[in-house]
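Before anything else, here is the set of structures, which you'll find just below.
In the two assemblies presented below, chain A is common to both, partnered first by chain B and then by chain C.
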Partner chain A sequence: MLQLTLLKTMILMGGLSFTTFVTSSELVLVVHKDNPTSILSRSQVIDLYMGKYVAFPDGSKAVPVDIEGDLEVRTKFYDSLVGMSLARVNAYWSKVKFSGRARPPTQQKDEKAILVFVKQTENAIAYIHESSVTEDVKVVYRFYE
Partner chain B sequence: MSKWFIVFMNKSALLIRLAIVIGFASIAIGFLSSQLFYKLTFNQEVAITQQSLGSLYKTIGATAATAAYLAEKDLAQEVVDGLATNEVVLNAKMNFENIEVVSNTNTFVEPVVFPIQSLFEADKSIGTLVIAPNIQYIEERARQLALDNSKAMILQAFVVTIVAISVAFFLITRPMIEIARKLHKTVPGEGNRLTVPDFHQNSELGELVNDVNILLDKTEQQFTRERKLRQEIEALEKRFRMLFENSMSPIILIEPRGNIILFNVAFETILEKLKLQLKKSFGPLLENLFAEPEKLLGSVELAFANDEIATGEFKLQTCEDSASVWVQVVVTSVVNEDLREYYQITLHDISKRKKELESLAYQADYDKLTKLYNRQGLEKEIEVFAEQERPFCLVLIDLNWFKRINDIYGHESGDEILIFVADRIKKTLRTLDFGGRWGGDEFVLLLDGADEATTKELVTRLVQRISKPYFLRKFNQNVAVGASVGAAFYPENGVKIQEIINLADQAMYIVKNDRDTDPEKSLKFAHELDTQEIIRV
Partner chain C sequence: MTKCVFLLLLVSNFVLAAPDVRVSGFGTIGVVTTDSDELGYRADFSKTGSVFKNDFDFAESTNLGIQFDIIATNEIDIVVQAIYRDQQELNLKSALNLAFIRYSPNANWSFRFGRTAYDLFLLTEYRDIGYAYTWAHVPSEIYGILPHRYLDGVDLTYSKPLGDLTFSAKLFYGKNEFAVTAFSSPDAPPFRFDNIVGLALDFQSINWDIAVNHTQLKFDSKAIKPLIAGLTQLNALVPNFSVIWPNAVDFANAADLDNKKGTYTSLSGQYRFNKVTLISELAKIKTDTLSVQGLKSGYLSGIYHTNAHNFFASIAFSQSEKFDLDSSGIILPALEQVPSGMEAYNASKLLLNYYSLNQKTVSIGWRWDFDQNMSFKLQLDHTRIDDGASTFWQPPTENEMPDNDRTGHVNVLFANVSFLY
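Moving on, here comes the complex of A and B:
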């Protein structure tokens, strides 16, 4: 049974890898390589990006980063994470902003800038294409696992 | 105006009944339907409110979810306060992450709980939103609405009632009342007819009016016919009554036992004449009124036995001193419709006729002047003697010198002499003798059973009396007549009347002839005649 399931999973994964390969690579969430957090749940990612708990599980403050220049990537990210369009996300933030406490993520121009920001900021968290992952960052969440 | 007033005063009048029925029906329907409407409206309103609470939740759902997600108490407070401002919401509260945010202090009665879904993760509940509906307000609003509806219903019912009554009044009741009143006033025979109400030419009411008019026509015809018939009967009855009442003859209707049922004035008159009081009964066939009732009863019985009308002439029972009353009686048996038998008796007074008849008989047999038998009367008496074969002597007297007296002193004097002679004869005759005037100055005597001697004696006496002078007052003069007498015996001289008369006549003639020679001899018997002299008849 186990073997069969494994096989299925492998075939499925193979299929998925193939697809991603063709378009581009999947988005992943990365943190500073020295960040003690090694893995995050989806809920934790949502809470970080939607302003609920802007902190890592160990309690250290987190700085989520949005990509500013590539709307396509940003759209893809929010769609994947909370199933919302950018407009809705923006509406959400415009509402939340007045209540005071929560703040939308900081923005970096592109993946390059993001990688630079994450390399420089120990409590930063950002999403980039898996293909862009460098040794300076650590992947804490993958969408398709 | 007053006629309608009367219509409205009359509780059983059509319009009032109709108004009452429609009024009550519409009030009842209005009441029931408004009750039903009220309940329905109320329930509907409550349901709508529930829905509107849902809608409210949907409106503030996103904000509430955000507040719950971010555990933003201020935002949550804003949400619940916002909800509470709605008039259908009494209170609202939010629960999330052990936090409770309440709008006010009102208690939660029949609260509606909405789960707050996570904005970002499906199927994840992150808290609850509790809304206490303002039941009082909802009910009040529902009641108000229901009340308005009910009012509208009642108003509608009222309007419908008015319309129904109006329509019924103008279309049905008023024409019907008009028809009814006209019909009420209509007297068959006056020729009045109902008029078809406007707009009802082709309706049932119009038909009714036409039918009633036809009926009136027929009734009137019948009335006229019956009236005419009645008039005829009345006229006839009047005539009959007139006949009956004015009849000179008494008409009496009696029962067979004799009880009088009906009588007319003439009957009362005859009773008065008989000096009798009106009684209930005078016996069968009024027998008590008759002198010889057995004759009447016998005659009627005989006639009825032969199925004939009984008629007869009978004498009524009268007082001794009053004149006799004779009536012709007609008795008819009448059987009426219920098979009871009556006798109709008609009495015709024939007394006068009877009297006349008697007087006629008298005139026929008597001489007017001398009041003695005339020749016919004498002949009858001679017949009677002959029939009985009774012997008698027939004496024939002829006056002497009578013609001369008659010529000199006139007929009146002659008549006086004749009356004088007759008077002598009456005084001379015996009880069973008869005497009469044979004609002119001739007289005849019938001497019952007389022989020659008796006859001679009687005749001599008579002649002496006759021969005495008679004083004529008018002429102041004494006159005297004599008499020549012939006599014949029955049956000795003959059995034939004419023979006897002839013999007496011849004997008398001889005396008359010998008057001048033998004036003393005034009587000669038939048997004294020479047989040669006798002229046989």
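Moving on, here comes the complex of A and C:
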């Protein structure tokens, strides 16, 4: 009986730590695996996601992707990138978009949809949890490095 | 411009294989009140209305916009935007704020044709997008005097990263017009700008932005011609008129608007600290006509950000150049005896003071982002109207003649909710 309880506890703890690992995993920027870009600087990522220069270092146009359905992840991404709340980021984009200067990033529902989009779109760039990275995509920026 | 919209729709039909149309918009619902019986607040020189003591006015700061982004290919897109902003005449021409086709062959170059936002000063492109800025309204000292919103023409933009900086340069050419009015007149005739050539340079880094805008244009207006004709006739027909009103014809020609040059220059910058943003702009208007006199203006604003709340304080100034008609040697008692003499004198005074803006404003305010797409703003302005007066502020009576001594203090309270959808 004691062994069974211990086993349940271990399974529960294991499950909890896995969940914790997945949700607290750091965000990374990924591109299509065949994209020639190997690394981006923070200012290059800011240029891409704030509509200042929406291209990879080789000059080819990029398609930045935002997560639509997970506000927590979006908030975390922009806070890490530019230190702004989502409201301030939206305010910034409202002036860029409604003045006709540029279009904001395209949106995908969740990480699964993002990975499918990046796999199908050679010039896409997106942020996902590092734990979600697959063989179809390539990490080009990490926040904690 | 209506033809331009049809042309854009026609082009979109040819270009689009599978149309990707995105619809979005913005708006502000705002109320304004003041403590003055004499100085009526208005948002800018296109507004015929005014807000006095005990008024709670929604028209000056309420608007609603809708935008269609039609993405044709990776290189071509079309943007059409319409705004309701309590226009004096609401029709397709006045509601259409953007209607252009853009061709971007690569990330460095972008070419637009049609109706684009007028990139005259730092905030002119998005002055009606309340959600885009922290304040409850753009500073009147720079933007009140410039009601023109859009440019019908072309522009070419070049963007390039330079290390950690991003540089962009935009060259634009075109024409525009917008309603302009003063003295509580119910009429707001269009004021046309022609041959507009402008250059906008932007340098942006992670923490700071610097922008330089310079535009040259020709005023396209025959409004002063009757005065020139009248003074020329008086000068020719009335004996000793050159003694009664020395250099009257020279003055009239100097006041002429048609084909006269105006230059608009602005230097602006902002710096983002961790919790604080500082933003400032200095602007200068220089012209070849006495009817639109030169102007120096600017503002400095500090914004403190804490979670969903933003607190700000600003100071702004505006100083018009002056041409004192009464110091030009006119013998008024003699002029009163000349038929139509005083009419010409009063018309001249009206023209010379049409664009006066001499004032200083101190503002404090709060912006609360209670949703990621909605914000509430509260702002209190204290404005001192200086010597030389300001026709930005409407007199209580219709078509009241300008008074250079009309100085004073006024407090204006703004409350609004701005949103995106």
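Quick note on the criterion: the second predicted complex is superposed on the first by the 122 of 145 C-alpha atoms of A that agree within 3 Å, B and C clash if a C-alpha of one lies under 4 Å from a C-alpha of the other, contacts with A are read in each partner's own complex, and residues count from 1 in each chain.
One rule holds for everything that comes next: a residue touches a chain if its C-beta (ideal position, glycine included) is under 8 Å from a C-beta of that chain, and two chains touch if they have at least 3 such contacts.
For clarity, every value in this text was computed on a predicted model and none was experimentally measured.
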With the two structures overlaid on chain A, would chain B and chain C clash, or do they fit side by side? clash
Looking at A:Gln120 after the superposition, I want to know if it touches chain B, chain C, both of them or none. Which is it: first, second, both, neither? neither
Should A:Leu71 be classified as contacting the first partner (chain B), the second (chain C), both, or neither? second
Once the shared chain is lined up, is A:Gln44 touching chain B (first), chain C (second), both, or neither of them? second
On chain A, which partner touches more residues: chain B or chain C? C
Applying the document's definition of touch, where does A:Asn90 land relative to chain B and chain C: first, second, both, or neither? second
Under the stated touch criterion, which partner chain does A:Ser131 make contact with: chain B (first), chain C (second), both, or neither? neither
Of the stretches 39-47, 183-191 or 201-209, which one in chain C hits chain B? 201-209
Chain B and chain C footprints on chain A meet at residues 42-43, 46, 52, 82-83, 92, 95, 99-101
Complex interface listing, chain A residues touching chain C: 41-44, 46-47, 52-55, 59-62, 71, 82-83, 85-88, 90-92, 94-95, 97-101, 103
Counting only contacts in the complex, chain B reaches chain A at residues 63, 66-67, 69-72, 74-75, 119-122
Please output the residues of chain A touching chain B within their complex, sorted ascending. 42-43, 46, 50-52, 81-84, 92, 95-96, 99-102
Contact set on chain C toward chain A in their complex: 24, 26, 65, 67, 69, 71, 74, 77, 79, 81, 98, 100, 102, 104, 106-108, 112, 116-117, 125-126, 129, 131-134, 159-161, 163-164, 166, 168, 204-206, 274, 305, 307-308, 369, 371-373, 375, 420
